[in-house]
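In the two complexes below, chain A is the common chain; its partner is chain B in one and chain C in the other.
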Partner chain A sequence: MNLTIDVSNKENTAYLTLAGEVDAFTAPKLKETILPLTREEGQTVEVDFANVDYMDSTGLGVFISALKSTKEHNSEMKLVHMQERVYRLFKITGLTEIINIESTVQGGM
Partner chain B sequence: MESFDFVEVKVPAKAEYIGVVRLSISGIANRMGFTFEDIEDLKVAISEAITNAVKHAYKETGEGEITIGFGVYDNRLEVMVADHGGSFNLGEVKEDIGPYKQDDDIEELREGGFGLFLIDALMDKVEINSKYGVIVLMTKYLHETEVGQDGDQISTSQ
Partner chain C sequence: MSTLKLDLENYKELLKEYIRTKDEQALYQAEQFSKQSMQQKISPDEIINVHIQSLQEMYPEMPDYIQASLNFLLETMISYGVAYQEHQSLREKQLELKSEISVAANMQKTLLSTVKPEIDEIEIGALSVPAKQMNGDYHHFVYDDQGTLGIAVADVIGKGVPAALCMSMIKYAMDSFPEMRMDPSGILSSLNRVVERNVDSSMFVTMFYGSYDSRDHTFSYSSAGHEPGFYYHQDKDEFEEIDVPGLVLGVSAETSYTQYKKKVEKGDMIILLTDGVTECRQGDRFIEQEEVLSVIKSYAHLPAQEIVDQVYKYFERLQDFYLRDDFTLIVLRRNV
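Up next is the complex of A and B:
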């Protein structure tokens, strides 16, 4: 019931690797980590969701803030390796239309 | 009268306990025979309801308790989440819900506006009673055919 966040940098990309659950308890830490990364002009922030087992609207809120910040600071955000059930939340809320989400891991146990 | 089992869980109104309640609902729903996907939906729905209650409790006093009741029926699970605090403005809450539409401006997107919308989308029936604090009552049927996919609505019994 926790979330671990790893950050690494390579050229103009910041890689954020998440593992665990994103909810009202863990979302503040995620927001504190991702927002500063989106403030670097020209940077791409790539978030790896492969090990995110659970997420709810508090997580959606973090990525909405991050998206807004990328628009303000001329940076980019990309969400990758998302499990089907997490992707579903982006889908039903219509956020797949505005957030760059690449390839989903089917089923995802 | 229809017989059912009732399970009650009480947790402090703190975000760190939301995951504990998720484990409870996952155990109960698994025992009842819900599918893996339905259990995931239930986990999100209950977390949304508790997140709202926690935020609310925090705004009021920064402490308090949340009571969660599970009504275990043969064909459905009823979940009740009660924050025994003051009530929020229901009209305001209902105005806030809805998916993002392509013509909406990104700037207008509310970061906290999807909670109730998700509960409504993931459960078969949702009722909110704000007479004594806020009580969210949500139902999920064991067989999807009981209620149409698009038949769910938020109703209010004041």
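Up next is the complex of A and C:
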């Protein structure tokens, strides 16, 4: 499976729109895209998950790295429109407590 | 050089024979010749060279343009020859790596091996199968003389060699903890600090730690973001999710883990697993939790070890014997 990543910028926010699957094959590409964005002080990185129907734990690793990087560089990260299956992964691993996740779709608790 | 010369004579004879008879037998020998040449690492351009020389000897009157076209072909093939040699040396390297990894995998097996304790009060079934050579899942049993059974089930995110190295580190950290502090929440907090300090930022570990007291049949447990296990009530023939909040190991140094306690009734089971079990897929379809549970339920009457073996076989078949992720399943059942 594939993952497409679209990046656009508006004022202090970088919008990342993902479509496809985040797994061991696609995670490196995502990491290369997202990490540099989190290194800009004062920037918010907003990731749209509406079209991500599968993510495995390698994908979680990318967002953990990104989160750590936002702390180091005084930036912010926000994950939006997450499907229930993907949200479950963040929930089980306790990451919903420390990552800003907003407006889940399809009854994502 | 002598072997090549011999080959040249041989090739010339074969070629002569074929031109004369156009016989299948000669073609077959040509195939044998090319196989032998490959064994001796002779590149394709060398064979063309041999062909040109043979033709020159056989037909000294060969027209110029044929001679020229053959030289042209020879030049064109030289890059193939180089590629072929590269391919050969890569193949050798690959074999070398493969054998090194299998040595490492064996070492890992020895390092991380755990003995399933034989305890009258608790029946244990455990199975862990790596998707690739090295296992990123880990489980460990410790049984002390006070009658407490400690069980760790962990999953390192990331697969293959880095995950396996990380697992070895965790195992040694656990071995070094003083036995006094063997309560689940304490163990997870200590491990969290070890992982946070030592592991790459995108790597993390999920772990469930449980401690079964065989004297009063209570089960204490904490979870660091691990896939929820299940508690099976024999009287109701029902499962209850062991859903415990807790952040994965290695994300934040100041994490603490809540500890829970549960009374275990006779015949009831505790089922622990990794996401290799719950993330099974059949083609593009995900296996839902209910299906995992109904499969476990259908084998619930069997001895604990047979339950885990049968459940594994079921999902292995379902996925056409191709494991996407390491698979670990543990069943504990109170016997008396």
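Basically, the second predicted complex is superposed on the first by the 106 of 109 C-alpha atoms of A that agree within 3 Å, B and C clash if a C-alpha of one lies under 4 Å from a C-alpha of the other, contacts with A are read in each partner's own complex, and residues count from 1 in each chain.
By our rule, a residue touches a chain if its C-beta (ideal position, glycine included) is under 8 Å from a C-beta of that chain, and two chains touch if they have at least 3 such contacts.
Bear in mind the structure is a predicted one, so any value in this text is a computation, not a measurement.
Placing chain B and chain C on a common chain A by superposition gives a clash between them. Contacts of A:11 after superposition: neither chain B nor chain C is touched. Contacts of A:21 after superposition on the shared chain: chain B is touched, whereas chain C is not.
Looking at the superposition, the partner that touches the larger set of chain A residues, chain B or chain C, turns out to be B.
When both structures are laid over each other on chain A, chain B collides with chain C only at 315-323; the other stretches in 9-17, 81-89 or 315-323 stay clear.
Annotation: chain A residues 24, 56-58, 60-62, 64-65, 67-68, 85, 92-95, 97-98 touch chain B in one complex and chain C in the other.
Residues 155, 157-159, 201-204, 206, 224-228, 245-248, 251-252, 275, 279, 286, 325 of chain C touch chain A in their complex.
Chain A contributes residues 24, 31, 56-58, 60-62, 64-65, 67-69, 85, 92-95, 97-98 to its touches with chain C in the complex. Interface residues of chain A, counted against chain B in their complex, comprise 1, 21, 23-25, 54, 56-58, 60-62, 64-65, 67-68, 71, 85, 89, 92-95, 97-98.
Those residues of chain B lying in contact with chain A across their complex are 15-16, 18-20, 22-23, 37, 40, 43-44, 47-48, 50-51, 54-55, 99-102, 106-107, 109, 111-112, 114-115, 117-118, 121.
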